[in-house]
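Report on the following structure.
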Amino acid sequence: MQSRRQTLKQTAVVAGLLAGTGLFPQFAWAFNKSAFEAKSLQDAIKAYGGGTLTESKDVTITAPDIAENGAVVPLAVSCALPGVKRLLLLVEKNPSALVAMFDVTDSIEPAFSTRAKMGQSSDVYAVAIMADGKALFAKKEVKVTLGGCGG
Amino acid sequence: MADPMRIRAQAAAGKATVRVLMAHEMESGQRKDPAGKTIPAWFIQDVTASHNGKQVFSAEWGPAVAKNPFLQFVVKGAKAGDKIVVNWKDNRGDSRTDEATVS
Amino acid sequence: MKTSYKITLSLLAVAAITAGCATAPSLVELDKITSDIVKASFRDEGMVKASALNADETNRLCSAADVAGQPLDDKTAGALEAANFKMIKWPSDGKFLGDWQEGEKIAQSGRGMTWTDTAGAANGGNCYNCHQMSKEEISFGTIGPSLYNYGKLRGVTNPASPEAKPMLEYTWGKIWNSKAYNACSNMPRAGHSGILTEGQVRDIVGLLLDPKSPVNQ
Amino acid sequence: MTFSKSVPLIASALALLGLFASGAWAQKSAIEAIEEYRAMMQDGNPAELFEAKGEDIWKTPRGPKKVSLAQCDLGKGPGVVKGVFVELPRYFADTQRMQDLESRLVSCMETLQGFNAAEIAKTPFGKGEQINVTALATWIAAESKGQKFNLPQAHAQEKVFYEVGKRLFFQRAGAHDFACASCHGTDGKRIRLQDLPNLTKNPGDGVGFAAWPAYRVSNGQMWGMQQRLNDCYRQQRFPYPGFGSDATVALGVYLGVNGKGAVSVAPALKR
């Protein structure tokens, strides 16, 4: 296993190279602004070409029952069905529901984890947008508590 | 320039689990400063990753991803010694690219 | 710089005491070194002044008892309790029971009187930090005893009745100046120290003793 | 939604109303759920980002003298990093002072690199060179992960500072009459839902003194022990303790000596 120092050194070299040469032209970013500004779940799904939301046992959401702090809530999404195009994580009661969108390719498993901010207790959604435009979802309620001394 | 990412990629059973920590404020755009002025949103919005030079992962994030983001994904067919490169770009146009070797 | 000069002085004091002889500094000397270090280490910030560390008799004696690991003797504790009791300010209009709904908000809030708080804003009572109060709030501390069903367990069914009067008085007094009943209580002296206003203390009494309050459900 | 911590307390209380019907069972399940949340957070502690940054800062020539900290003596000789964390604070002959990790680092930054130590001490946490001091402390603490606390108590000043720290720990003052001991003086207590370690003795591996520096989930900040103590004092309604002041170092000696034998997990992940 390489040491952290080696990793760092390589990292710096790679970063420098990429910055210098403008490598990765294929990463032509086209951030879907309207999806992330959508207030409702369905509007966000629509912005990524998804149809009407349908609950499905083949989509899995992993989230804690209670989050000790809304600033960091671990969320994971996965889907067991073939033909998944995109996986989305959403928090219904956030000002904009969409948290993250992951493209699914043949080279990776249709399973992702990240951490979200939640302003209040809410249902959290995992949505799979299929190649045919179907939008399948699973949801779970996450309670946000307030720890510490409230000071 | 942004601080480096921490990338761990571990191979097992013909695939590699990649765990990434990124140093970023991920300012929500919902908070106000002490003077009552809204602090503008500042967040990573595009994340990509490649395996031995071939792009395998792409994602779009909003400002509701938590500060100093954590990301986990699994690359099929990756083995020890392979290269994983992760890149992020934020809404101010700042970006960062780091590399790790699968162990 | 003034601060570092002071620090150096206190360290010289330590050195002088410890270098001169083989024996460790005496308890009195340690108290003196501590007091010098405190003076050199803390400064005013926001609304909190360094003078907040000038302890009154109650805090001084209770701190010393804690360091010694020996509780105060009954006579000393009794004298401190009597002195604190005398300082309780009773409700100016004779009304003990306020609005439990307001009381609940005050009990929930832990804000106020830190150097990041703004002077003039309403302070919280910090109650839930240490006490269970109602069964709905699961985020409660256990430093103090549970106050769930406080009034009910003490038989207060009609706070306006003469039978309820002693419990109203005790509850008011305990919140106003906890040290009047237990010299070295961990509980702040909410009224005495100006943490809560008379109206806020009244609302907390309401939260604890009003039969309609969630505390008594 | 605001992501600040000013979520109305009463709202969160009401939100929980539906879920927890009553009594001790509900209480227990809520605590179990919180434990589950904490477990989910363990994989991928952002403290690692600060650890990597700290190592980089240690090795990079910096300051007016453009030298690295490679010759900094943290108690086990110039340049020795492994194992120093579990033996600090201690007495340093060159400065003739008791110093903790952070105040010692600032001394090194002054003597080796030419920084102004008083300026750094005056800088608020999370700003300027304080960011670098925290990152350095995070890396140095991580280099002793898994080791047991064993603060030296041989020098006379080390003994005196333990006694002073003990007095500070029990000092009741401020508007609320709080002492450190009000919350951390007995076993098995909680403030709200947070367990409070008893810091008058070894509170266990990776608890209390053996957990900081730590990444704080609630505000996304990396805190060293100096900032941890500073914020304890803030909530205690005490005035402001100077960075690296003798009071903070003495308190560190008291907590560290009491924690003898505790295994360090720093940098930890905290609420």
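Note that the chains are named A, B, C and D in the order they appear, and that numbering of residues resets to 1 at the start of each chain.
The rule we apply is simple: a contact is a pair of C-beta atoms (placed from the backbone, for glycine too) under 8 Å apart; a residue touches a chain by one contact, two chains touch by 3 or more.
All of these numbers come straight from a predicted model, not from anything done at the bench.
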Please list the single chain whose C-alpha centre lies closest to the global protein C-alpha centre. D
Note, CA centroid farthest from chain B's centroid sits on chain C
Per the C-alpha centroid definition, the whole-Å distance linking chain A and chain D comes out as 33
Computed distance of Cα centres, chain C from chain A, in Å: 46
Chain A and chain B have mean C-alpha positions lying a whole-number Å distance apart equal to 12
Can you list the chain D residues in contact with two or more other chains? 1-3, 9, 12, 16, 30, 52, 191-193, 220, 234-235
Out of chain C, which residues touch more than one other chain, so two or more? 108-109, 114, 126, 128-129, 138-139
Listing for chain B: what residues touch at least two other chains? 4-5, 28, 30, 66-67, 70, 72
Interface residues, chain D side, partner chain B - complex: 1-4, 43-44, 46, 48-49, 52-53, 215, 220
For a test of understanding, state which residues of chain D touch chain A in their complex under the given definition. 1-3, 5, 7, 9, 11-12, 15-16, 19, 30, 33-34, 36-38, 40-41, 51-52, 55-56, 191-194, 217-220, 234-235, 271
Contact set on chain A toward chain D in their complex: 4-5, 8, 64-72, 74, 93-95, 117-121, 143-151
So, in the complex, the side of chain D touching chain C is made of residues 9-10, 12-14, 16-17, 20, 22-23, 26-27, 30, 96-97, 118, 156-157, 159-160, 163-164, 166-168, 170-179, 181-183, 185, 188-193, 196, 234-235, 237-242, 245-248, 250
Parts of chain A lying in touch with chain B, wherever the complex brings them together: 1-2, 7-8, 10-12, 14-15, 18-19, 24, 26-27, 29, 31-32, 35-36, 71-74, 76, 91, 94-96, 98-103, 105-109, 111-119
